[in-house]
Amino acid sequence: MVADDLAELFHELIVATRILANQKVLDAFGHVSVRHPRDPGRYFIPRHRAPELAEISDILEMNLDSEPVRPTEFRMYSERVIHGEIYKARPDVNAVCHHHSHAVLPFCISGRELVPVFHLPAVMGHVPFWDQRDEFGDTDMLVVKPEEGASLARALGRNWMVLMRRHGATVAGTSLREMTFRTVYSCENAALQSQAMAHGRVDQLSPGEIALSSAHSVRPPSLGRAWDYWVRHVEKAGLMPAKAAANSGPASATRPKTKRGPATRKVKKRR
Amino acid sequence: MVADDLAELFHELIVATRILANQKVLDAFGHVSVRHPRDPGRYFIPRHRAPELAEISDILEMNLDSEPVRPTEFRMYSERVIHGEIYKARPDVNAVCHHHSHAVLPFCISGRELVPVFHLPAVMGHVPFWDQRDEFGDTDMLVVKPEEGASLARALGRNWMVLMRRHGATVAGTSLREMTFRTVYSCENAALQSQAMAHGRVDQLSPGEIALSSAHSVRPPSLGRAWDYWVRHVEKAGLMPAKAAANSGPASATRPKTKRGPATRKVKKRR
Amino acid sequence: MVADDLAELFHELIVATRILANQKVLDAFGHVSVRHPRDPGRYFIPRHRAPELAEISDILEMNLDSEPVRPTEFRMYSERVIHGEIYKARPDVNAVCHHHSHAVLPFCISGRELVPVFHLPAVMGHVPFWDQRDEFGDTDMLVVKPEEGASLARALGRNWMVLMRRHGATVAGTSLREMTFRTVYSCENAALQSQAMAHGRVDQLSPGEIALSSAHSVRPPSLGRAWDYWVRHVEKAGLMPAKAAANSGPASATRPKTKRGPATRKVKKRR
Amino acid sequence: MVADDLAELFHELIVATRILANQKVLDAFGHVSVRHPRDPGRYFIPRHRAPELAEISDILEMNLDSEPVRPTEFRMYSERVIHGEIYKARPDVNAVCHHHSHAVLPFCISGRELVPVFHLPAVMGHVPFWDQRDEFGDTDMLVVKPEEGASLARALGRNWMVLMRRHGATVAGTSLREMTFRTVYSCENAALQSQAMAHGRVDQLSPGEIALSSAHSVRPPSLGRAWDYWVRHVEKAGLMPAKAAANSGPASATRPKTKRGPATRKVKKRR
């Protein structure tokens, strides 16, 4: 049986994921996670499948080494160390999204700096780059080893978003709603900055404007107004998950909690 | 009980708002207002929520200082002074839209001048720029103080549209339909001008062509033809509000009208 | 009572119009016409309304001076001389579309030449420019006087498509299907040519390739394959008009045909 | 009666085709084929119609000279030699798609090289160009003669995708799913590379990154995850074909198989 707070959290995790799918940030690939609200050493993430298709019953519980807390025969996202290593390095982060949005990828390919060009995306702040090749040479470009995830987390540093060269982006937030807002508006910023670059001139927010605009946007009324709008569009697209009953829940969480450590025997190897 | 003319006006306000949402001019943010047809010192605007989600019952009545005429516990748009200050400065304006359309924002970011490049957007006329930073320094970029709204209204001057640097645009009209037409076609103009800029050359309408084309477009047959088309698309998108019954109406307007002055006690602070 | 061949033609006229609306060539403005199959001195065009909304019962019969054959109280398109003057000048033309597609307008604004860049749009052939300002100075940009329509028809010459500076395009065909194919693929060509221009190099079909590709495309199997595809999308969009019963028909055509000449008395002035 | 494995293959062929139509790779034109799983000298391809509209009952069986194995009165794709000649030259290819995607065509027009710019499209590898004009001079640009198809197959060489100047692209795969993945992601790569080119700089995967990323993507979990996602969107678009019953099947395959050679008498000429 899942505690009420977790049932709500799982619902919100799937809603956030479907908002980002419906907003064309996520497609067949990418993934979203949320930290356990009562155990900072755990996080929740769906099993390996297109994020739009992930259901509440697909949610798995991981420790920060990104090993499943309970044995599972589900295939897992090979890149889940992105989430685990950021949760390790950043106690203030409670939600993470990794994506390959078409708005942001041009910056990952051109290496041009992404800067806040209007007030709503001020929440993205400074956006550093990370190139897996710098530290690890030729790879399959996937962030699957703990040291790869840790390197990405170091590149993220105290920021809230990091661009991954020839790959995509990873966005963090103090909550699912804040992370969702930052992810959507950083994509909008990227699309608009590309257009302004084609105009030949790009103005940007001053540091003071970034700080003040960002502080306004992360307040509940702004986050809630955007969330309600995106939820309406998720509903219209027929993507709203059913509200979980209190006595149902994710596949792994409903199993007896007697065995708590990472269950390595039945876990498939990550590569 | 709402007078019949107001019931129709409220319906048209919500329809105009949903047209602009359906045309992707408005998203979670932005807002639309209309002046009271019998009291030029008042205007109507929905409470704080994504414009596409605003209902007739969300409409509030404001004085031109943008204070609610009747006490309300609804949260209000923090930027409603944009509307009030323009209505103050421009007795010929009866409808206002503030938005962050992706077509227009590249101009707000690049600072390139927006000019009519084909006949239908001639109604936008000359489009001045306003930069909140010039007069107010670093802010959260929101137009929330009366003096900020008044500054924007001065920048608008005798024109019908003003671009706000690193922020968005504000569009005015003598009626909801004219304002809607101007808003949609100025966005189309912006998108097309950006494309022509990428071609390396931009032709524009002569002053005579602007005057003659604009005079033609604002006549009822042109406005009505476009309005009917957009309404059909709003209907198809399932966004058409129910026609208000004569004895129902917006939240604030249905309350007893004994207390007329701005009710400041229960009004939430704007920032 | 409408003859069977006209009932089918009216249906096809509305289908062609809705295909072009559904393909985003037409929006609230623009119009489509077809020549009378048995009387080359007449053509059919809907009354003044957004083309997507036009019904079979809106179709009016015009002579080549673009005067209605029977009196009508319907408002008519002010620019219908575009159609009449082209039918006058070009006996081989049986269908005409005037539009402001976003794909083609950048060329009307930049003045850059539109050339066939892949095989399917070879049917557009050479595309001349026309600027109403050259001959008529400052106007409201609408082609409403017979001499304006005649000037446009001269610019079209022996070609099948003409670009109108700061305005849009007019496309002709020997049939509704051929005109529809040419209109859709010239728009696709324009969008693709703009993208190739952004790449910095534009290859184009040789004159021989244009002639051979065009000859292939206008054969019934190619036209029919594309038509069937667009019709399916019109059906899915809920835009398919009901097949007219043989004894119903357009508003003007169902009236007694005793009075044949242009009925000028009840006809609204064109400007 | 169609063998069970063929019934499943026909279903998958139509699903792959509709995925590519739904993803806007195919429109009225283009086509998809699959090699006979038990007879490498045969392949299956629908009759001449818009690929989105093709049904299981439209599938025809061809030999590698692209002649129908059984007589048919169906019109056939004039360009089916593209498929036959590639199957001849490349025993490792089991699925082929020819398309005119708007993402890829700008490269066919500009002649700019298409290179993998992020990890998922690494599966496209090196993409050579082919210009029909080089060997055959002015043509109608269609690949209809066996020698034209053979020339294209030579240009493809050991690669998996070839760009056709002023025409489109042809993509091959070891299976329908791999070919579909390569087709969709090469189009995404093209769109993103165009955007990065507009940024003025294009980074690309190293040869090692291409090899490693590609090897990862073509494994069943990656192909399946993307396939499931695209299938869900095909279902939502109302495009999912009914699962064929074991005793039904494509038009030609259900006919008695007594006559096996190419039936040339009733076959329409290809040009």
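Per-chain residue numbering starts at 1, and chain names A, B, C and D are given in the order in which the chains are listed.
Basically, a contact is a pair of C-beta atoms (placed from the backbone, for glycine too) under 8 Å apart; a residue touches a chain by one contact, two chains touch by 3 or more.
This is a predicted model, so every value here is computed, not measured.
A centroid comparison over C-alpha atoms places A as the chain most distant from subunit C. In terms of their C-alpha centroids, the spacing between subunit B and subunit D amounts to 49 Å. Subunit B and subunit C have Cα centroids separated by 35 Å. Within subunit B, residues 198 each touch two or more of the remaining chains.
Touching pairs of chains, sorted by label, consist of A-B, A-D, B-C, C-D. Residue ranges on subunit B touching subunit C, taken from their complex, read 117-120, 122, 188, 191-193, 195-196, 198-206, 208-209, 212-213, 215-216, 221, 225-226, 228-230, 232, 236. By the touch criterion stated above, subunit B contacts subunit A in their complex at residues 27-29, 48-50, 52-53, 75, 100, 102, 105-112, 133, 137-142, 165-168, 194, 197-198, 238.
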